[in-house]
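For reference, chains read A, B, C, D, E and F in written order, and residue numbers begin at 1 within each chain.
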Amino acid sequence: MKVTVNRKAHFNAAHRLYNADWSDARNATVFGKCANPHYHGHNYELIVGVKGEIHPETGFVMDMKVLKKLIEVEIEQAFDHKNLNEEVEEFKKLNPTAENIAVVIYHKLKPKLDVNLILTITLYETPRNFVVYGDE
Amino acid sequence: MKVTVNRKAHFNAAHRLYNADWSDARNATVFGKCANPHYHGHNYELIVGVKGEIHPETGFVMDMKVLKKLIEVEIEQAFDHKNLNEEVEEFKKLNPTAENIAVVIYHKLKPKLDVNLILTITLYETPRNFVVYGDE
Amino acid sequence: MKVTVNRKAHFNAAHRLYNADWSDARNATVFGKCANPHYHGHNYELIVGVKGEIHPETGFVMDMKVLKKLIEVEIEQAFDHKNLNEEVEEFKKLNPTAENIAVVIYHKLKPKLDVNLILTITLYETPRNFVVYGDE
Amino acid sequence: MKVTVNRKAHFNAAHRLYNADWSDARNATVFGKCANPHYHGHNYELIVGVKGEIHPETGFVMDMKVLKKLIEVEIEQAFDHKNLNEEVEEFKKLNPTAENIAVVIYHKLKPKLDVNLILTITLYETPRNFVVYGDE
Amino acid sequence: MKVTVNRKAHFNAAHRLYNADWSDARNATVFGKCANPHYHGHNYELIVGVKGEIHPETGFVMDMKVLKKLIEVEIEQAFDHKNLNEEVEEFKKLNPTAENIAVVIYHKLKPKLDVNLILTITLYETPRNFVVYGDE
Amino acid sequence: MKVTVNRKAHFNAAHRLYNADWSDARNATVFGKCANPHYHGHNYELIVGVKGEIHPETGFVMDMKVLKKLIEVEIEQAFDHKNLNEEVEEFKKLNPTAENIAVVIYHKLKPKLDVNLILTITLYETPRNFVVYGDE
């Protein structure tokens, strides 16, 4: 049986919800105040879950120090104190909804992990809204 | 792959645990102080999870504004500041345990959602006790 | 200089807001859905703060085990799983608002403490509403 | 003796730390990544505390429904989903640090309250950083 | 369809990460400061999830009072205020990582539960690190 | 008027409650399971509050980056993943109760701050027990 280890991290970013194929009026209608062209922002709280077998020698599924460092390098350095729409390559043509941010985080971390590990991304956009995406 | 979006909500209600087919003595034995005929109450914290494909145009599985409004109309207006046993039709013959409340919430929300969406209800009766019920 | 030690506890209770000197209509106007005659309820989260000198032999302002037990006997046994209006003597003629509950808790605990200790009561009626009352 | 009632609220906003009297280089040196000209953002969590005597007829220091509405009208409508630097008058010439935002919130709410009430503003910029400002 | 009921509990313990088959130097290299021979410690927060059918007479999957008592007897009395490496039989030859502690808790509780119930253990070693282990 | 800025930090440590002037029996009687000679441990959550005037040029009472770094150097490096009784000089003859740890933290930080700043230490030993110590 497999165990999931989870590590919490966080980043603060500005964004707006915006579909470049639509008129500004349609963006405002669909996305409401989230379409504000001057941006708003969030404290994103991220939980990265990695599921696998316990290594018998270490008692670890994955060394949390390694996972913590991986999240810092791949996610926090890329997203923290950034404007997601303006400064993060993945969102130049992709609307930075919580759903899409979680999928992007998944694809940034997945290739860095052992292929036998099962990855789940939980992303809180606010304490009241969160999304989950992953291999299961 | 599918993404789950989750929205938190809350309602405050009175209830007692009670099986009308049993004597008062048996209710007191089985349910203890939760059977108090004068009622007690809780701040219920509710998480509604909806899983589905991301719509390519919006980046949403489901518009959170719509989900928030749906929870307000279907659940908060029905349960908030109510006595569940006395004032909520579903519990007139059903014991309002956390388990049964979660199942009732599920059945109130399920028909209002797109048929392709997968629904999960998480209900905290207290910060220390919670239940989960849904399609998966 | 003095140190404050704080202990968290909790109780679940039903109540309604009600002034017996007023008509039902006026109660409904002033207290809204909180005046529901069938009651509603809360998970009250309580923080009891006790400020004083550190005893040089123990390193304690007050033994937390003693404070925990005192809160159990004086507050939890009196209020937990009760209807405050119907079953708690202090609220038979006093409206059980969060403010009044905090003052009642203060007066139940104060005489049980060493006279040199400074007492502060913090009471969360919900995670979004709380009150503070005490000697400072 | 007086009781403090506290109400939690929240708003999501973009901002940057910036002193218009300084060069961009000095802004970058002093404020680091917080000076990012593309902005970043936060979920601000706000606690408004109001201290006063309990009204004997209502058992309230201040009706929480009134306080909740006041925060919505004065603070949430002004700040939520806004760019504080670009769209909020008070911050056009004032650096929107957590400290300054708390002071601005204080001055927006203070004139709307009964003169006998004591006001305290607690503002969480992130779950790890918060500020407190008020009459005591 | 089945419902999961969850109960939170907690215990405070000392531990160190250590593989007795390795040299001290290798332990220090792999486990870093967690290998400190003088120990360090944690407030472990435990969530025990039990999934099954709702009993039609009680409305319970499992009586929470029974589950709470079971956790107290089997887990809290065994682990609370203990040194896991020195005083808990299961960890005399097993490295007390969060992963291994979760597996041990699972095996202590599983035989005490009705065979039809599905068990999941969630264990927070810190507010930022947690593991999940169970039947699903 | 002055503003308080607060920064959260954390460290994980082992300790036991113990008065070296007492017999083991008396230590066991007074401190109960907290006197366990094999130690137990906690995730200490620390809030450092610094109160002062807002600097008109920066909008800061104190740069949070500086405060965060100061806590890392003075407190986290000294206490994290340590056995407080065995490895921290201040507790070799001082019982490491939460009260005493807060006072020690205060005295480590106070001389590093501008003399006009008012310092308050809040220390959570568990999510249910915390202490406050400082200049006000």
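Criterion: a contact is a pair of C-beta atoms (placed from the backbone, for glycine too) under 8 Å apart; a residue touches a chain by one contact, two chains touch by 3 or more.
Not measured: the values here are computed from a predicted model.
Engineer: Quick check on the contact network: minimum steps from chain D to chain E?
Structural biologist: Steps on the shortest route: 2.
Engineer: Would you pick out the chains that touch chain A and also touch chain B?
Structural biologist: E
Engineer: Which option, B-C, B-E or E-F, should count as the same interface as A-B once over half of the contact pairs match?
Structural biologist: Of the listed options, the interface copy of A-B is B-E.
Engineer: Please identify the chain with the largest separation between its CA centroid and the CA centroid of chain C.
Structural biologist: So the farthest one, by centre of C-alpha atoms, is A.
Engineer: Can you check whether chain E and chain F touch via the same residue numbers (shared by over half) or via different ones?
Structural biologist: same
Engineer: Taking mean CA positions as centres, which chain lies farthest from chain D?
Structural biologist: E
Engineer: So how far apart, in whole Å, are chain D and chain F when each is placed at the average of its C-alpha atoms?
Structural biologist: From the centre of chain D to the centre of chain F is 28 Å.
Engineer: As a quick test, compute the distance in whole Å between the mean CA positions of chain A and chain C.
Structural biologist: It comes to 41 Å between the two C-alpha centres.
Engineer: Taking each residue of chain D in turn, which ones touch at least two of the other chains?
Structural biologist: Within chain D, the residues that touch at least two other chains are 127.
Engineer: Judged by the touch rule stated earlier, which pairs of chains are there in contact?
Structural biologist: All touching pairs, sorted by chain label, are A-B, A-D, A-E, B-C, B-E, C-D, C-F, D-F, E-F.
Engineer: Report the residues of chain B in contact with chain E in the complex, numbered from low to high.
Structural biologist: Counting only chain B, the residues touching chain E are 17, 19, 21-22, 30, 32, 94-100, 102-103, 127-134.
Engineer: Residues of chain C touching chain B in their complex?
Structural biologist: Contacts found on chain C: 10, 12-15, 33-34, 36, 38-43, 45, 80-83, 86-87, 126-127.
Engineer: What residues on chain C touch chain F, complex-wise?
Structural biologist: 1-8, 49, 54, 57-61, 63-65
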